[in-house]
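Letters A, B and C name the chains as they come in the text, with residue numbers starting at 1 for each one.
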Amino acid sequence: MTGGEADLITRVSDDLPALQIAVPLLSAAICLLVRRARAAWAVAMVVAWGSFASACVLLSRVLQSGTISYAEGGWRPPWGIELRIDLLNALVLLVVTGICAIVLTASPRSLDQEVWREHHHKFYALYLLCMTGLAGMTITGDAFNIFVFLEISSLSSYALIAQGTTRRALTSSLQYLVMGTIGGTFLLLGIGMIYMVTGTLNIADMAVQLAAVGPNRTVLVALACIGIGTGIKLAVFPLHIWLPNAYTYAPAIVTAFLAATATKVAYYVLVRFVFSVFGAPLAFGELRLDAVLMPLAIAAMFAGSFVAIFQDDIKRMLAYSSVAQIGYMVLGLSLASVSGLTGGLVHLFNHAIMKSGLFLVMAAVVLRMGSTRLDAFAGLGRRMPFTMAAFVVAGLSLIGVPLTVGFVSKWYLVVGAIEGGLWPVAVLILLSSLLALIYIWRVVEVAYFRQPPEDAPEVSEAPASLLVPIWVLAGATVFFGVFTSLSVGLASAAARMLFGVEL
Amino acid sequence: MFEGGLYPYWIVIFLMMTGLYVVISRDNLVKKVIGLNIFQVSVIMFYVAMGKVRGGTAPIEAEGFTIYSNPLPHVLMLTAIVVGVATTALALSLVVRINEAYATIEEDEIRELEREEEA
Amino acid sequence: MIRHVILRALSKLLIPLIMLFALYVQFHGDYGPGGGFQAGVIFGAAIILYALMFGLEAAKRVFPPRVLEFFVAFGLLLYGGVGIEAILLGGNFLDYGHLAHEPVHGQHLGILLVELGVGITVAAVMASIFFLFAGRGRSDV
């Protein structure tokens, strides 16, 4: 390697934050041009795994030398658009790109069944656009930029959901579009109000200016607007009605992707605005955000799990379970303490892994059985042993059994509740876990203890292209349940940073 | 020029509530999309009103003018308009597909059909 | 399509002017009001007017959907390509100053190319949207 080349590589590697967004965006255009299903998939694979590698590099750099700030176009912040990567969004970026790459690896077989082959290259273009939007929302340091990337990811996710096989995918997508657009517009309104008060769009600068202004009515309304806007995208309890339909009728791959990324990034945006812009004293002390969010989070934990128990379609059951799990994340935020927020952020990481794993199992079941209704699972424990074993592992994690990731996040949430003197909340967390036990057990019972009907067609195990990603995720639920230093270490460091506690 | 001072914001709120009401109350999907559009436009107006400086001209350098409107919110709204166009196009294309699949764009009729499907 | 003689004659006259105006808005954008978005929409409007007056088929012969799809992607690639080129030449993403020997030259070149990319994509997207909606549910698609 010559000196010039090495120089170029170090220089380009300094530009990783920008490339993290620009490369998927441009590759989406390339996918549109190549027009061949497998070629487009290959392009998307290279880009997705490249993004994941780049996210790993960025994370290690943040750990080594602190926050990375990148000025787009050479315009210095706060005037230009800044990409700003700290512990919090480096973690979220890692989750988003990682899940994106793993789900994409599993996609070809499932897509062959569910989406017309002539549309595959467009599907991958949309997938990459969605990833662009999510990565952009995560690493940008500019409030208006968050809105732009939110809309990029939302618009492409509406289109992805509409690719579902039944006509109900269309109505679900439109329902999500209407609600999502209202959410995005509320976010825009909230950002506008902060801009009116502070005269800046840079998140770090906003915090400085807002602290000088102090709470007034505009700031209060801005927080409410941003809360509603992100709340819709995040599917906080009463605003979740788009989620079950969208997740049920979207292609299985899309569900696995969106369930693990879209709501997580919305959660990140909420955390970012609450802590980095408004600041914990303002948001929780003056504006009492915790008093609003905590009842909603607890209601979500119970309502989501309770409704999940009565679903006959397992994909829909998992969608309702997502509503409940989002409740845990929001609960972590509303505890307004370092350990509570740690629990919320760890759960972001853990839930992404287990839910994408579970929805990939659904993709495998759809591929072999053509349906995810409970009857289709009869005897699957013997007929698709590896797939169902992965379902059991990820399901145990959903319940929160020790040695799985679900236990880790619930542990921190319970600790956070007890530290805050909220014993009843800690009890409620444990009680709601029992509901998860019921709905997972229903599936396990049918899969392992009920005989398949006599005339059932022969089914074979899921193909390796699906099985390997499923087991990578199922393995990760156990691995990160035992070795918690990465997830918990990062999440607690990020939580302490957000509360301004010394590391 | 703007004597009342805050009246643009009243228009914004009126448009916003109109849009939301149309989205919630209408069953016709095209009307819903129009309501969504009105809702988005109200926020665009909010930003444009925010950037206007009384007595200021367009922010282009020329002799004899010293007061300019704030161009930043106006530029931001260029992007928001594009987002609005994209949303509308996508929503309408979904409505077209729904019309092909259900032979209706009335939400109550669609819900009826879906209920029959499930039964 | 013998009817609407006046409309068709007028639009024949107007379409070149509209396209010319689009180009003016496009390339005057770095000195005065204008730019890629506006120019793209105006150019797209010319294509749509042509389709309205002379039929979808005729318009699709002039602007085949495959070509439009190519331009959608091409404009985006041009935009991003300028950004990446700036990185390769030692600046930040979209830092036009590094595109030429002199920063001011580079900035002119950069904004021109970026706006051109935006304009191409917007015009192609506008025309594609119209074609897709207008062609839906007809036998001659």
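Please note the rule applied: a contact is a pair of C-beta atoms (placed from the backbone, for glycine too) under 8 Å apart; a residue touches a chain by one contact, two chains touch by 3 or more.
Every value quoted in this text rests on a predicted model; they were computed, and no experiment measured them.
*Asks:* If you average the CA coordinates per chain, which chain's centre is most distant from that of chain C?
*Replies:* Farthest from chain C by mean C-alpha position: A.
*Asks:* If you tally contacting C-beta pairs, which comes out ahead, B-C or A-C? Let me know.
*Replies:* Greater number of contacting C-beta pairs: A-C.
*Asks:* Provide the C-alpha centroid distance between chain A and chain B, rounded to the nearest whole angstrom.
*Replies:* Their C-alpha centroids are separated by 28 Å.
*Asks:* Chain A to chain C: how many Å between their CA centres?
*Replies:* 36
*Asks:* Quick check: how many Å separate the C-alpha centres of chain B and chain C?
*Replies:* That pair's centroid distance is 24 Å.
*Asks:* Which bits of chain A are touching chain C when the two form their complex?
*Replies:* For this pair, the touching residues of chain A are 8, 11-12, 15, 18-19, 22, 25-26, 28-30, 32-33, 70-74.
*Asks:* Would you pull the chain C residues touching chain B in the complex into a rising list?
*Replies:* 32-33, 37, 129, 132-133, 136-137
*Asks:* Which residues of chain A touch chain B in the complex?
*Replies:* Listed in rising order, the residues are 144, 147-148, 151, 155, 158-159, 162, 167-168, 170-171, 173-174, 177-178, 181-182, 184-185, 188-189, 192, 195-196, 201.
*Asks:* Write out the stretch or stretches of chain C touching chain A in their complex.
*Replies:* That would be residues 69-70, 72-74, 76-77, 80-81, 83-84, 87-88, 90-97 of chain C.
*Asks:* For the complex, which residues does chain B have touching chain C?
*Replies:* 58, 60, 78, 82, 89, 92-93, 96, 100
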